[in-house]
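Chains here go by letter, A, B, C, D, E, F and G, matching the order in which they are written, and residues are numbered from 1 within each.
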Amino acid sequence: MEIFGDVVIGVGSVFLFLGGLGIFRFPDVYNRLQAGTKCTTLGAFLTIIGVGITKPDWFLKTLIIAVFILLTNPISAHALARASYKVGVKLWAGTVVDRCKDFEGCRGTEEE
Amino acid sequence: MPKKSERSVSRYLFTFVVLLSLWLILVNTLAWEEVLTGAVLAASVAAIGHTYFTRRGLSHFGPKKLFYLIIYIPVFFWEVVKANLDVAYRVLHPKMPIKPGIVLIKTELKSDTGKLALANSITLTPGTLTMDIAGDNLLIHWINVKSTEPEEATRLIGSRFERYLRGILS
Amino acid sequence: MWFVYFSFIAAGIALCLLRAAKGPTSSDRIVGIDAMVTISIALMVLLGRFFGRYIYLDVSLVYAVLAFIGVLAVARYLERGL
Amino acid sequence: MEALYSNMYYVGAGALILVGLYIILVKSNLIKVIIGIHLLDTGVNVLLVAVGYIKGGTAPIFTRTSLAPTQFVDPIPQALVLTAIVIGVGVLALALSIVVKLYENYGTLDVRKIKGLKW
Amino acid sequence: MIMVSILLIAFVGAGGTCLVGRGNPRFRGLVASLVAFLPLIILAFLYGRVISIDYASVPFLDIGLSLRLTPLSWFFGIAIAALGGLAIVFSISYMQGKERLNYYYSMMLLVNASMLGIVLSGDFLSFYIFWEIMSWSTYLLISYRGKQALGAGLKYIIMSIIGSSAMLLAIGSLYISYGTLEIPSLATALQGASAWYALFVLLMFTIAFGIKNAILPLHTWLPDAHSEAVSPFSAILSGILVRMGLYGLFLLMFSVLGLNTLNRLSYGAISFNLVLSWVGALTILFPIFIAVLQDDAKRLIAWSSIGHGGYMILGIGVATTLGIAGGLFHALNYAICVALLFLAVGAVEYRTGTRDLNKLGGLMKRMPITFTGALIGSMGLIGIPLTNGFISKWLIYKTLILSRYPFLAFAALIGTWGTVLYGYKLVHNVFLGQLPEQYKEIEEVPWTMRVPMIVLSGFVVLFGVLPGIPLKAISVIQTHLGMTRLETSLFGMPKAIGELNTLNIFFALLVAGLIAYAAFSASRRSRRVSQYDNYAAGARVPVGGYQHSVRFYDQADRIIRPYLRDRIDDFYGWIATQSTAFFEQLRKIYTGNINTYATWIVLFVAVLIFMGLLGWRI
Amino acid sequence: MVAPLLIAIPFLAAFAVPLFSLISKRISYYIPALALFANLVISLVLIPRVMSETIVVSIGGFPPPFCINLVVGPVGLLLAIIISLIGLLVSIYGVNYIKEGPKDKYHMLLLALLAGATGMVLTGDIFNLFVFFEILSLASYALTAYNRDRAGTEAAIKYLIQGSIGSAFILIGIAFLYGMFGTLSMADIASKVGGADPGFLFVSLALLITGFGIEAAIFPLNAWLPDAHSSAPSSVSAILSGIAIETGAYAVARILYTVFDSDGIMLLIAVVGLITLLIGEMSAFRQREDIKRLLAYSSIGQMGLILFAFGIATRAGVFAALFQLLNHMLAKSLLFLAVGYMIYRVGSKKLSAFSGLGKRMPVSSFVATIAVFSLVGLPPFAGFMSKFSVVRAALALKDPMFLWFVVLMLIATVIEAGYFFRIIQNLFFKSGNSLEEVKEAPLSCLVPISVLAALILIIGVYPQLVSGILDAAAQGLVERTAYIQYVLGVP
Amino acid sequence: MRKFVSVILLGFIAAGFFFALSDIPFGDDRMGVAKYYIENGIAQTGAVNIVTSVVVNYRALDTLGEVTVLFVASLGLGALLYPGNRGVDEEKQRASLIVRTGARILFPLILLFGAYIFVHGHLTPGGGFQGGAVIASAFLLQYLAHRHYQLDRRQFSLVESGSGAAFVLVGLLGLAVGGYFLNNFIGKGVPYSLFSAGVIPILYVAIGLKVGAELAGIVAGLMESRSG
C-alpha cells in the first residue's frame, strides 16, 4: 500500500511538473490555462491522495483537499479565461476559430 | 411540486446532512464531542446557507441518482487521465502540435448545478476549457479543434458527460 | 524518492514563476501564480507527510480555500466585476 | 554568500522592510505607498518569525506521538505574528477605505497633488 | 490673617463686582469703590507695623508662600490702594454707558489686587505670581478699547513676558542655589554669593523691572499702551503700575542684596549702581525731546512717565540716603501728579471727545476744576516750589551734587527744563488760548470725576507744603532696611544732611508773588476781555480765523524730529519682522508631501543609528 | 481585583454599543460616557492603594513575567484618571456636536481610542503596549477622516502612512528585544538590559523611540500632527491633542526610563524636545488662517516642552514633565472643544472670523482664555506651576548648558504668548463681523469646558491636589529597580 | 535626488539592522519565557497547540486588543464608506454562471470549514483568526459571484458586538471565579479532545465569529463602495 501511494505521489509530481512546463511553453493565456488546469489539478490530486494512501489515517482529509481542488480549479481557470478574453487578451495567431467574438453572452449582457 | 415550506425543509435537511458529513470527514473521528459540535455547527451553517446550497434538497439522494454518480466517477476519471496524457504529449512534443480555437456547444442540462458540473468536467478533460456559459450554449476553448460546427463539437466534447450528469441531477 | 518528488515539484513551481515573471499580459502572470499555488498546496501536503505532521493538512486546506477565492477576486477585478 | 544563506530569513525580512520603505519614500502613487506599507509590515512579520526560529524546530503543537519539547520553535513570535498580521490587515483595510474617499474628494492619487494641507 | 484678608477682599471683590454688575448694574460702581477703598483703610491702620505670615505652601516645590508687611510695602500699598480707589471713583461717570463694564471694573480691581499682592509678597514665588497676574490683567485692560489698542496691548504683554521670563530664570536659579525664596532668608543667603552670581540675579530682575518701569532701552511698550488705555486706567498704569518695577528693583537692591553686596558689584570705577544711575539719567533725557513733540495729550504724559521714571532710578542708583528717599518720594509724587493729569485729560476727552492737542484750547473757563487739576499736576511734575515734585527733585539734585556727580545732576536739571516745556504745552494747548467753536457749550465734568482730581490736587499741594508726612514713612523704610535714616520734620529736613524747610520757601514765594502782582498792577496795561474778544491789526478776528495753538514747538520740531525717531522701537520692530520672516520660512518644512514626511522619519532613525554606529551609548 | 476593570469596561462598552442601540440609538450614544465615568470612579477609588503600593495585575493568572501584567502605578493611574475624565467630557460633548454620519460608529471609535490609551498607560508588556498603541492609532486615523471631506481624508491618510511606518519600527524594535532577551515583559527586559551589547540596545531604542515619537510629535516626526489635529472633527482634535499624543509621550518616557536605563541619550532627548518646542511655537506664530492648525502647532510646542522636561532626567524633571503633560491635556482639550463650537457657529476656521466672538459666546471665550493663560504659563493657572517646575528642574542640574536651554525655552514661551494673546484680542477686542446670528454654545459644550477650566484654576491655585500623585508618578518612572521589583517580585 | 537620498538613508538603517541582528544569530535557541510555555502549556491551559495557549491564554490581552484593532478598522471603514454606494454599478460585469453556481455550492462548505478551524484552534494550527478569515472569505466569494449581493450589516454588527462582549464577559467571569481577568477558570479536560483547554475554545469561538463578522464587514464595505 505504501509503495502504491508513493507511486501515485510520483505520478502526481510528474504531472505537476508537466503543468508547470505547459504554463511555460504554451503560446497564449488560453492554452496555458489548458495545461495549468488539467495537469496541475490532476498532479495535485494524485499527490495529495497519494499521501493519503501512504498514511491511511489521513486519507479522508487528503480526500477533501483533493476534491476541493478538483472542484475549484476548473472554476478559477474558467474565470481567468473569461476575464482574459473580456480584457482583450489576444488569442494566439495560430488559433483557427473564435466563436466567442460574435456571441452575445461573452460580453456579459446576459440578464440575471 | 412540493409546497414551498416542505421544499425548504428538504433543502435544509439535505444541506445539513452534507455539512455534517463534511464535518465528520474533517475531524476524522466519531468522538461524541466532535459529533455534537459538528451537528450544532452544521445546523447553524445550514440555516444560513441552505438556500444557496441546493434547490432540490433531499431528492438528490434518490437511488437512481446515486447509481449514476457512482458510474460517472470512473468515467470522469478516465477522461481526466486521457486529457492529461494528451496535454503531456503536446507539451513534451518538440513541435507543440496544437490547433486551438473557441467553439460553441449546446447542452440540454437545465439546472445550474448540472451546467457547472458539465463545464468543470469539460475543463478538466482533453484539450477543452470552458470559457463561458450563456443559456444553453457553452463556449469552449479547444486546444486541437476538430470541428467548428456546434452539433459536431457538442457530440465530441459534451455528450460524453451529459448522459450521466442528467441522470445524477434530473 | 523524496528527492525526485521535490525536484519535479520545484521545477514545476520554478516554471510557473518564470511565466509569472515573464507575462507578457497580467493574465499570464496570474495564470502562472494560480498554477504555482495549486502546486504548492500539493507540496504542503507532501511536506506534512515528510515531517509526519497531520497539521499541515489543515494549513493546506485553508490555503486552498483562500487561494481559490483570491484568484477569483483577481479574475473578477480584471474583468471589472468587483 | 554563506552568511547570506545561513541568515536567509533575516536577509529576506530586511529586504522586504527596505523595499517597503523605499517605495514609501519614493513612489508618488498613494496605492503604491500603501503597498509599500504592507510590504514593510510583511517584512516585519517575517523578521518576527525569523527571530523566533530555532534550527531544526517545528511548529509548537504537541501531537499524540509526543515530540520532545526542544524540537519546537519559539511559540511566542508565532502568536505575535498572528497579531501583527491581523493589525496589518486592519491598517490596510482602513487605508483603502480612506483612499476611496480621498479619491472621491481629490480625483487623483498622486501625492504631489494631494497637498491641500501644508504649512 | 489681616493681610490675607486684604488680598481676599481685593481678589474676591474683583470677581464679586462682576457678579454684582450682572445682577444689578446700579450697585456696580459703589461696590467697586468699596472694594477699592477697603484695603486702603485696613492698610492705613497698619502703619509702621511689620508682619510676616505664611499663607500657603506648595509641597512638591517645598516652597512656602508668604505675605509680609514692611514699611516699604506699606508705602507702596497705600499708594496703590489710594490711586486705585480714586481711579475707580473717576470711572463711575467717565465709563457711564460704555460697554462691558463688568469686565472693566473687575479688571481694574484685579490689577489693583495683584499690585497689592506684589507689594505684600513675602517671597519671590508669590511675588512672581502676583506680578504675572498684574501683567495679564493689565494686558486685558490695555486692549479693552480695541483698534490701535490691540497693537499696544500685544507689545505690552510680549515685553512683559520677556521680562517675567528673565525674572523666572532668576527666581528658579535662586531657589536652586539657596533652597528658599523667602525674602529675608534670601537676604542672608545672598551675602555669601559671588559677585558674578549676584550680578546675574540682579540683571535678570532688572530686565523684568526695567521693562515694567520703562527704563531705557526697555521702554518702548509704554507710550502706546498709556495712550491707548482708558484714561482712569492710564492713571493707574502711569501712576503706580509702572512703579512696581521700581518697587521690585528697590526690594531687590536694598532689601535682598543690600548695600554691601551692591558695593561689591564693580569693575574698577564702574559699578552696577553707577551704570544704573547713568541709565536713569539717559532715561530722563531722551524722552523729553519726544514728549515735547507729542500732539496727543496722553502720549505726551506717557513719555513724561518714562522720563520721570529716570529720576527714581537715578535716585536709587546713587543709593545714598537722600537719593533713596528722593527716588521713593518722587515715585509717590509722580504717581499723584500723573494720575491727576491723566484724569484731567480724561475729563477733557470725556467732554470733547478728543485729546489731540492741536484741536483743543481755551477750556479754562468751561472746565475750571479740570484746569486747576491739570495746572497743579503740571506744576508738580515740573517741581515748582510748594508742590510735592519740588521736594523730591530737590532731594535728588542735592544728593547728586553732594556725591559729586555733576553730569548726572546736569542731566536731571535738563529733565526739569524739559518738563517745563511739555508741561506748559499741555496746559496751554488744552486750557489756554482760544476756545474752538464746537466746545463753546461744554460743561465741567460730574462730581464723581471732580472729586478724584480735587483730592489728588490736594495731595500735590499737601506734600509740597508738608513733605514731612511722606518723608516720615520713607525714613521708617530706611530704618527698617538698616540704612542711614533721613531725619525729617513736618516741613522738611534739619540741617544735618541738607536743610530744607518749606515754610521758608512758602514765605519767600509769598513775598515774590506779592512783588510781582504789585508790579503787574502798577503798570495797568491789562484789561479783562472776553475769550472771543480778539483783534488783529485792529479788526475783529472772525471765529473761523482763530489761530489755535497748533504744532506748539514747530521750530524745534523741524530741527530735531528727524533725529528723534524712537530708534530703539524701530530696532525691536526690525527684530520682530526678521523673526517673523524666519518663522515663515521655517514652517515651510511642513511641505504637505507625504514622501518627504516619510523621509524625515527614516532620516531620524538613520541619524540615531548612525550615532549608535559612531559609538553613542544609552 | 478592580484594576483590570479599567481595561475591561471600555472594551466591553465599545463592543456592546450596537447591542444597546437595539434598545435605542440615543441611549447607545451615552454608553461611552457611562463606561468612562465608571473608569473614572474606579481609578479615583484606586488612588489611596496605589499611592502606598503599585498594583501588579496578572492577566490570566500566571506568575510574572509569564503573562501580560498591568502595572497600576501612580503614573499609569494618573494618566488613566485624566484619560477617563477628558474622555468622559469629550464624549458628552460629542453627543450633540457630532451631527452627521454614523454617530454610533463615532462613539465606538472614540471609546476604542480611549480604551487603547488606557491600556497603553497601564500595561507592563511591551508588545501589549504596541497592540494598545495600534488600537489608539487606528481609531485616530478613522476619526480624523470621520468628516470624509478633503482635509479629513488627506490628513488621515498622511497620518496613517506616517503612523504605520512608526508601528513597523516599533515592531522591529520589539522583535530585536525579544530575540535578545526572550521575554516581552518590560520589567523582565529592564532587568536584563544591563548585560546586553550597548550598541544593540542603542539600535533597538532608536527604533522604539522613533515609533512612539511619531505619536508623541517629536520633531521631525510630527508632520502628521498639524494636518490631523486641524482637520479632524473638533471633539476628535481634543482627544488627539489632549490624550493621544500625551500617551505617546508616556510610552517614550516609559521606554527611556524603565525599559532602558538610557541616561546617555537624555541630553539628546532634551535637545530634540527643545527643537520641537521652538519649531512648534514658531510655526504656530505664523499660522493666521486656521485656528485649529494654530492650536495643533501649539501642541507640537507643548510636546516639545514635555519632552525637554523628560530629557532633564531627574525626578524633578520627570515630575515637571508629567505636570506639564497633565496641564496640556486639560488646556488643549478644552481649547479644541471650545473652538469646535465657535467654528461651528461662525462657520469658518479662520482666525479673522472670530473677531468679536467674545460678546456672542462669552462663556466659551472666557473659558478658552483660561486655557490659553494656562498654556502660556501664567499664574494663577495650572500651566504656571508646571512651567515653573520645568525651569526649576532644569536649573537644578546646575549645568550652564541647561541654563541656556531654559533661556531658549522661555523664548519659546514668549513666542507662544505672542500668538495666543493675539487670539484673545481677536476674540474680545476686535469689532466683529456680522455675528448677530451667533449663539452661545449649548450646555453639552459649556459643561465639559467649564469643568476643565475649573480644574485648571483649581490646580493652579491649589497644586497640592495633584502634587502628591505627580511626585509618586515621577518616582515610579525614574526608579526602575523599584518597578522591576514590583513586577517580578523581590529578586 | 529623492531616490539617492532614500538609498543612503536606507543604507544606514540596513547597517543598523545588521548590527543588531548580529547579536541575535539566526536559528539559535534563545527562548526565555517561551520555554516555560512549552513545559507548562498543556498542564496549565490544556491546549496542545502551544501557540494557541499563548494567544488565548498567556497573552489573551493581546488578543483582545487585536480583535479590537480589527473592530476599529471595520468601524472606521464603515464610518468612511457609509452609506455605501448601494445598487448595481452598470459598468460592473456580471459573473458567469459557473462562478455563480460554484459560489453557491461552496459557500456553506467554506463557512463550515471556517467554523471547524476556530473550534479546533487548541488542537490544530487553526484558530479564531484563521477561521474568521475563512468565514469572511466565504462572504467575499458571494460578493465576487453576485452583483447584487449585500450583507445584512445590522446582523453582522450584532454578531460582532455580541461575540466581542462575550470575550470580555468570559474574561470577567475569570476575574470573578478565578480571581484574574481572562483567567482560564474552567477545568482543562483531557488534552487532544475537543472539549479541553477550558475557556480557550469558548474564546476562540467568540474570536472566530467576531473576526469573521468584522472581516466580512470590511469586505462588504470595500465591495459596496466601489464607484468605478
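Note that a contact is a pair of C-beta atoms (placed from the backbone, for glycine too) under 8 Å apart; a residue touches a chain by one contact, two chains touch by 3 or more.
It should be emphasised that the depicted structure is a prediction, and the values quoted were computed from it without experimental measurement.
Trainee: Could you tell me which chains make contact with chain B and chain E both?
Mentor: Where chain B and chain E share a partner, that partner set is G.
Trainee: Listed by label, which chains are in contact with chain C and with chain D?
Mentor: The shared contacts of chain C and chain D, listed by label, come to G.
Trainee: Farthest chain from chain C, comparing Cα centres?
Mentor: Here the answer is chain E, farthest from chain C.
Trainee: Looking at C-alpha means, what's the farthest chain from chain B?
Mentor: E
Trainee: Closest chain to the protein's overall Cα mean, using per-chain Cα means, please.
Mentor: Chain nearest the centroid of all protein C-alpha atoms: F.
Trainee: Counting C-beta pairs in contact, which chain pair has more, D-F or A-B?
Mentor: Top pair by contacting C-beta pairs is A-B.
Trainee: At what distance in angstrom does the C-alpha mean of chain G lie from that of chain A?
Mentor: Chain centres of chain A and chain G, defined by C-alpha means, are spaced 31 Å apart.
Trainee: On a C-alpha centroid basis, what's the spacing between chain B and chain F, in Å?
Mentor: 61
Trainee: Approximately how many whole Å separate the CA-defined centres of chain C and chain F?
Mentor: 48
Trainee: Send over the residues of chain F in touch with two or more other chains.
Mentor: In chain F, residues 127, 131, 134, 138, 141-142, 145, 148, 153, 157-158, 161, 165, 172, 176, 179, 182, 184, 199, 203, 206, 226, 283, 286-287 touch at least two other chains, as defined above.
Trainee: Residues of chain C touching 2+ other chains?
Mentor: 54-55, 58, 61, 65, 72, 76, 79, 81
Trainee: Among all residues of chain B, which ones touch two or more of the remaining chains?
Mentor: Correct list: 22, 26, 116, 119-120, 130, 132-133.
Trainee: If I apply the definition of touch given earlier, which pairs of chains qualify?
Mentor: So the chains that touch one another pair up as A-B, A-C, A-G, B-G, C-D, C-G, D-E, D-F, D-G, E-F, E-G, F-G.
Trainee: Quick check: in the complex, which residue numbers of chain F touch chain G?
Mentor: So the residues of chain F in touch with chain G come to 1, 4-5, 7-8, 11-12, 14-19, 22, 57-62, 65-68, 101-102, 105-106, 108-109, 112, 115-116, 119, 123, 125, 127-128, 131-132, 134-135, 138-139, 141-143, 145-146, 148, 153, 172, 176, 179-185, 188, 196-197, 199-200, 203-204, 206.
Trainee: Across the complex, what residues on chain D touch chain G?
Mentor: Interface residues on chain D, with respect to chain G: 6-10, 14, 17-18, 21-22, 25-26, 50-55, 57, 59-64, 69-70, 72, 74-76, 78-80, 82-83, 85-87, 89-91, 93-94, 96-98, 100-101, 104.
Trainee: Name, in rising order, each residue of chain D that touches chain E in their complex.
Mentor: Going by the criterion above, the answer is residues 21, 24-28, 33, 111-112, 114-119.
Trainee: Residues of chain D touching chain F in their complex?
Mentor: These residues of chain D touch chain F: 17, 20-21, 24, 30, 33-34, 37, 40-41, 43-44, 47-48, 51-52, 74, 76-77, 80, 83-84, 87, 90-91, 94-95, 98-99, 101-102, 105-106, 114, 116-117, 119.
Trainee: Considering the complex alone, what residue numbers of chain A touch chain G?
Mentor: Of all residues in chain A, those touching chain G are 71-72, 75, 78-79, 82, 86, 108, 110, 112.
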